[in-house]
Amino acid sequence: MDKMTEEQYRAISNMLRKRSLWMLHYCTGCGAMELPPTMTSRYDMERFGIVPYVTPRQADILLVTGYVNVKTLKRIITVYEQMLDPKYVIGFGSCAINGGIYYDSYSVINRLDAYIPVDVYIAGCMPRPEAIITMFKHLMNLIDSGKADGYKRYKQNYEFYKNNQRKVLG
Amino acid sequence: MVNIANPILLIAIPLLFAFLIAVLAPWLKKGVKYIPVIAFGLNLLVVFELIPDVLDNGIVIATTAGIKPPFAINVAVDRLSLFLVLIATLLGFLVSIYNLVYIKEEPAEKFHILFTLLVTGITWMIVTGDLFNMFVAFEVTSISAFGLVGFHRDKDAAEAGFKYLVMGSIGASLLLIGVVMLYAATGTLNMADIAEKIMRFTFKQKLLPYAFIFTGLGIEGALFPLNAWLPDAHPAAPSSVSSILSGIMTTAAIYGIIRVTVTIFNYYQVILFLILFGLLTLMFGETAAFFQKDIKRMLAYSTIGQTGLFFYAFSLGSINGMQGAFLQMMNHSLAKATLFLVVGGIIFSVGSRNIDDFAGIGRKMKLSAFLFAIAAFSLMGLPPFFGFWSKLKIIFATLERVNVYTIAFVVIVLFMSLIEAAYFFRVMQVMFFKEAKEEKEVREAPAWMLIPAITLVVIILVLSFYPTPVINFAHKAAADLVGRSVYINSVLGGL
Amino acid sequence: MVRTILIAIGIPLLAYGFGVSFMMFKRKIAARIQRRYGPTFIQPLIDTFKLLSKQENISHGIMYDLGPILALAASMTVIFFIPIPGMKLMTGSADLIALLYIMVIGSLVMALGAGESANPNSTIGIARALTLMLGYDLPFVIVVITLVMKYHTTDLYKIMQMQTGGHWAMWLLPLSAIVGFIVTYGALGEHPFDVAVAPHEIATGPMAEYGGKHLGLLMINHAFHIYIELALFVDLFMGGASNLFYFYAKMFVIFVIYVFFDEVLPRFRVDDAVRFYWRWPTILALLGLIIVLVR
Amino acid sequence: MDMSLGVLLATPFVGGILAYLGGKIHRWVRYTFAILFSLLAFIEIFFFYNTTVGNYVWGRLFGSVLVLQINPISWIFAFIVTGISFLVILFSINDVEGHKGLDFYYLELLFVEGAMLGITLAGDLITFFMFWELMSWTSYFLIIQGGKKSITAGYKYIIMSVIGAYSMFVAIAMVFGRAHSLVFKNVSMLLSQSSPAFVIWFFVLFGIGLFVKAAVMPLHTWLPDAHSEAPSPVSPLLSGVLIKMGAYGLTVLFYGFLSVQLIGKLAPTILPTPLLLYIVEWLAAISIVLATFLAILQEDAKRLLAYSSISQIGYVVLGIAMGSSLGIAGGLFHALNHAIFKSLLFFVIGGVIYRTGTRNMSELGGLIKKMPVSFIGALFGIVALSGVPPLNGFVSKWMIYEALLQKKEVFLLIMAFVGSTGAFLYLYRFIHSVFLGQLPEKYKDVKEVPFLMQLPIWILSALTIVFGIWPGLAMNVIAQGEKFLGITPIKYTLYGFPQGTAMSSLKVINISSVLIIAFIVVLALYLMLPKERFVSQYDTYAAGQVVTPETKYNYSYGFYMFFGRVINPIFKWSADKMYEAWARATKVFGDYMRRVYTGNLETYSSYIVVLITIVAFVLLIGGKLW
């Protein structure tokens, strides 16, 4: 009997997490410009319960918008570790996927996934608000089905991530 | 046991011993310093014999050469003069013990002669019943004081001594002119007789002799414009002498003024004018003392201030006022004498008179610092100590009639005692709460120098915690003083 | 006995319901003003429960945990001292003056908790909140005194009784009502006066380090806080209500006006807010007081 | 055994002397004597609970008899004196361990306690004044033991309190001039028959002495220096007890010598309270508001608490000067409460100074982890002082507000309330900069204060709760006191006040019980939710920046700088500058007077001649200058 309530509890909590995603207003690269239109009246992401919050303690989603160089990576890792557990990371644009146009520069990180677990990527050299909205819909489906488990992966192979980070940050 | 309760002995014994010092000096050499101690010891016995007689019948009269008073020179000791004689002989005895150790320089026997003469002069001035005798006693005291002030033979001692000599002699001559005028007018020299005869004169005729006598005695009694010599003389004199000078000599001169104003001239209208003198002396004395860096000059100015205070209390005119004056006299004499003795000891060890060099004395010379503190507290009028009762009495006496003047007087008196507390506190802060700068080896004062100070402090403490007998005694003394007819009849008729 | 238990459970739930509904309306109306749809109707509920069900929580010390707990407890106690239409609750044991002090416990304890979170943003936030409180307390006290002088009692229930049947304090003491409105505005911490929680300047002030279940408790506390401020305003100036519906309607009308101001005005600087409160509202309140005293 | 007042009064003095002598023998002999005798005094007080012992004659002076007495009002203040002094002695055993001159310190501590006990037991004005001056001197000696800066602070303290004492002395002398016996009953009889001008003179002069000691606004400038520079165990004695003597004096002056009707007769009573009392109320209200604003802007913890003492004693004086029975009860109860929580706060900051060595608030921080007991003490202290319900500050402030409302003195209520809201600001500032926030590197290994210093903190915190939840305990003594003073005592219950006394009833127990139940409910909800893990103070939001021990990531200097910009124009004119100007003026005047002694002989002899002419001239016109 308790397994059933266990099941129901997980379903409800996934539904809650899906319907109220709090976005950490933390913008690294050029992608941050895309967020104001999604927030304001034209695309209005608040319909889905997504609200920009300021401190990592309160936020659920970490938006890594744009290129990530070594100095920013140190900040991103600190912020990521300060966020509370069911947390998701979204890589914005091609720079997060493979370094984008700065792939061969000495300071840019090519694969963000090696350092912190990324749940969803959005392709495009700064995706438009429509792409962001569809990404949010996709993320909500992942949460609902329980597959968005980046934070669990970070905890399981913590050593792997730490070695990569140490390799870069020294 | 032969009855030694005769006031004349008070003068005779010390004179005899002073003469003995001069005679025995070649043989006894160092032993000479013990003679004053014996002299004043005997004097003290005589005073103790006198106390019961005076307490019983109010006044003790003794005449020389056995003939009737108007012609013979008589000696009268009533309650007030007993009060002062007791203090004088006590101080004389204790300071002579202090001198055993304190006086090291060469002309020791000259010092001891002058010292004995000084104290005898003071007792004589207090005890005498004859105006001319008062002048002679005044002369003896002044001259011996001039000598003692200049005893140290350095530059400022000589200058202070000379200044004191000039001022003192002017005073003495004024006093002589006054006495002569009175003799010419009344034909007698006996105080009681003059007091009786002077009644017939009008206010104006009594004016000039009083003015001269008042100024003459005022110079010695450190009243406002006349006391310019005191701030130089007292610091220059050796500490033991300055404790006698501050302690009892100025008080004796003020006693002279009191005796003259009240008993002889019965000048009640003038008394209110004297308040002005008292207050001015108080103000100038205390404010000047606040700015002094040298401890002995500060104590000298404080003597001026305190003399001003009890002269003001006397000139209030009421019995309570005079009672407050006598209590303050006693408090000041005892406390100031202790202060000078203790400071003498400190200067003796520290070597400098500047207050800032006294840092850390509280730790090193524990006993003298403690004695200094108790004497200073009593002088300031801290609650449990004797000074508090006398200050209480003076203020209560002032405010018997509440009008604008009396409130102004009280405000001045309290503000001045606040300043006094301030500058005594500054010294104590330096002494107790400042760390000594360099680790100079400072020994405690020698035992013989501390014993007099300790006895005086013990007396102060006894008076602080059980003041009632002294207060009642002062009250009766004030009543006798105001009732001058008692004095006159007993001297003239009583024999 | 059963009735008291019912009340003891019912009143906080009722108050929470009122408070949450106002929070919902606020987000909906604010969105509508900005010409967008705004979140679903029960978004605050979802947010609160999401926070409560966070798997991982952090804490900076015992006082950090006690902060939100005691704040919520204090808000719940205050609710029992504000009369509900039809029920006197416990106003007998604490009158208006005592109520002013009980309302302060919540913010004081919250301040202690936020202080423990070792983050300068929260300290600045609390310093600003307390200064603002000192600012709006002056006119608020004058208004309270005017009411007490008019109705000769400090018992909230009696003040409410005397205003039923149309003659509200709003019409009799218009000046004091205006000042009461402005002060409640500041006490609510709505936008122009949200100097304490300014997200742009000091990262949501005291709540900078609070996350997960602590933030959930604080959201519930915020709902109670809205209910308390509005209920107090309605009781003092609009004479409470005969039944719950009128009570809710009055509170809703007041709250909607706040939301309109909220979206339009820019935020005050802290000392300007204090100067603002000590200038016009205080003068108006003093005028109201003198009128009452003279009459 | 029949305990006479003399024995009670003598205990502290005897204890002081024995402690001094004991100290010569061995450290612990001194401590045992000090603790023993202060505890003995505290126990002896309970022999006189609710009894009124009449005139116990202990001396006779200038025709007036010196008398001791005790009544419920003086019992309250005697209880405060002995209680707090006992705790101070307990606290100072560890705190001043290393200093020099400890025997003298303990002698003075017990002498101050004795002097203050003497004031409360005094039955006539001479004894009152004698112990009053003794208190000033002995507390002066205590203050200047606190290091170099405390000497100037002590100097300023003694000058101002002596000026106050002398103004009181003049008042006493005026009365002595009229009625030769200074026992309190005769004094009140005399004052009731004498002319209004005389009574006003007496009221003002006697009042000035009391206002200096009770630090009412214009005469308060000595308090911040004296309390902050004094050694840490002495500050609680100063601000907890010493300023209450001013309050006791005011109660005796307003209701012992004069009575509300008599003061009313002095001036037209268009106002709710007699004119003289109304002025006193306004002074107290002004000192509440200004002292709170000053406290908000302070950087030094002890100065902050000192200014807060001025504003809290303002409440006490406001309460006492009100004249209505509820107001007086509120004032007296607040005096008791203030003694408790203010000493608690000073003990806490004393412990912090004992451990960290500094009291500058911007250097401290985060001590909650290292000194939990002191934090709890500080928490109880600030909650009580700010008047928040469950603790004792609330009841007395509430009584004062209700009394002000009853008498319709509206503007005073506004100032009192603003003062109490301002209290939240500086109290939060105090506890935040010392206990919360980031723990600086150099205080990493700070330990908790030793047990003997924790004991006073525990006892006083317990007392704040006891008097907070059961105000009735203190009320029955205060009601007895009011009956003694001839004022209709207030009706009270154990938990608060019934309908009649104040504008409406108060039951403190309800507030606290609801609060506790709600706390339990929320705590249960909190514990059900997922566990939380503790995080170090460096793992905090700094926009991604990694916080290390070197970065001073703390907001504590100029805590209310922005509020300062609003209220700084008020403080351009300060009483302190005025007093310094006066001091300079007297020094310059003194300098001129010194010029009289020029030093050369000719001027001196010219003085003599001048004098003779003056004397002669005056005598000519008959000697009657006035």
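Letters A, B, C and D name the chains as they come in the text, with residue numbers starting at 1 for each one.
Assume contacts are C-beta pairs under 8 Å (C-beta built on N, C-alpha and C of every residue); 3 or more make two chains touch, one makes a residue touch a chain.
Worth saying up front: this structure is predicted, and the values here are computed from it rather than measured.
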{"item": "Remotest chain, chain D as reference, centres from CA atoms", "value": "A"}
{"item": "Best-connected chain pair, where connection means C-beta pairs in contact", "value": "C-D"}
{"item": "Centre-of-Cα separation between chain B and chain A, whole angstrom", "value": "99"}
{"item": "Whole-Å separation of chain centres (CA-atom averages), chain B against chain D", "value": "45"}
{"item": "Chain A-chain C separation of Cα centroids, rounded to whole Å", "value": "36"}
{"item": "Sequence positions of chain D contacting 2 or more other chains", "value": "539, 541, 543"}
{"item": "Residues within chain A bordering two or more other chains", "value": "55-57"}
{"item": "Chain C residues counted as touching two or more neighbouring chains", "value": "53-58, 203, 208-209, 212"}
{"item": "Touch-based graph of the chains, sorted into line, ring, star, complete or other", "value": "other"}
{"item": "Touching pairs - complete list by chain label", "value": "A-C, A-D, B-D, C-D"}
{"item": "In the complex with chain C, residue positions of chain A that touch it", "value": "13, 16-17, 19-20, 22, 40-42, 44, 46-49, 51, 53-58, 60, 84-86"}
{"item": "Chain D to chain C touching residues, read off their complex", "value": "366, 368-369, 375, 379, 383, 386-389, 394, 397-398, 401-402, 405, 408, 410, 413-414, 417-418, 421-422, 424-425, 428-429, 431-432, 436-438, 496, 502-511, 514-515, 517-519, 521-523, 525-526, 529-535, 537, 539-543, 553-556, 559-560, 562-563, 565-566"}
{"item": "For the chain C and chain D complex, residues of the former touching the latter", "value": "8, 52-61, 63, 65, 69-70, 72-74, 76-77, 80-81, 90, 92-95, 97-98, 101-102, 104-105, 108, 111-112, 115-121, 123-124, 126-128, 130-131, 133-134, 137-138, 141-142, 145, 148-149, 153-155, 158, 203, 208-209, 212-213, 216-217, 269-271, 274-275, 278, 289, 293"}
{"item": "Parts of chain C lying in touch with chain A, wherever the complex brings them together", "value": "27, 31, 34-40, 43, 46-47, 49-50, 53-58, 199, 203-204, 207-212, 215"}
{"item": "Touching residues (chain side chain D, partner chain A) in the complex", "value": "539, 541, 543-546"}
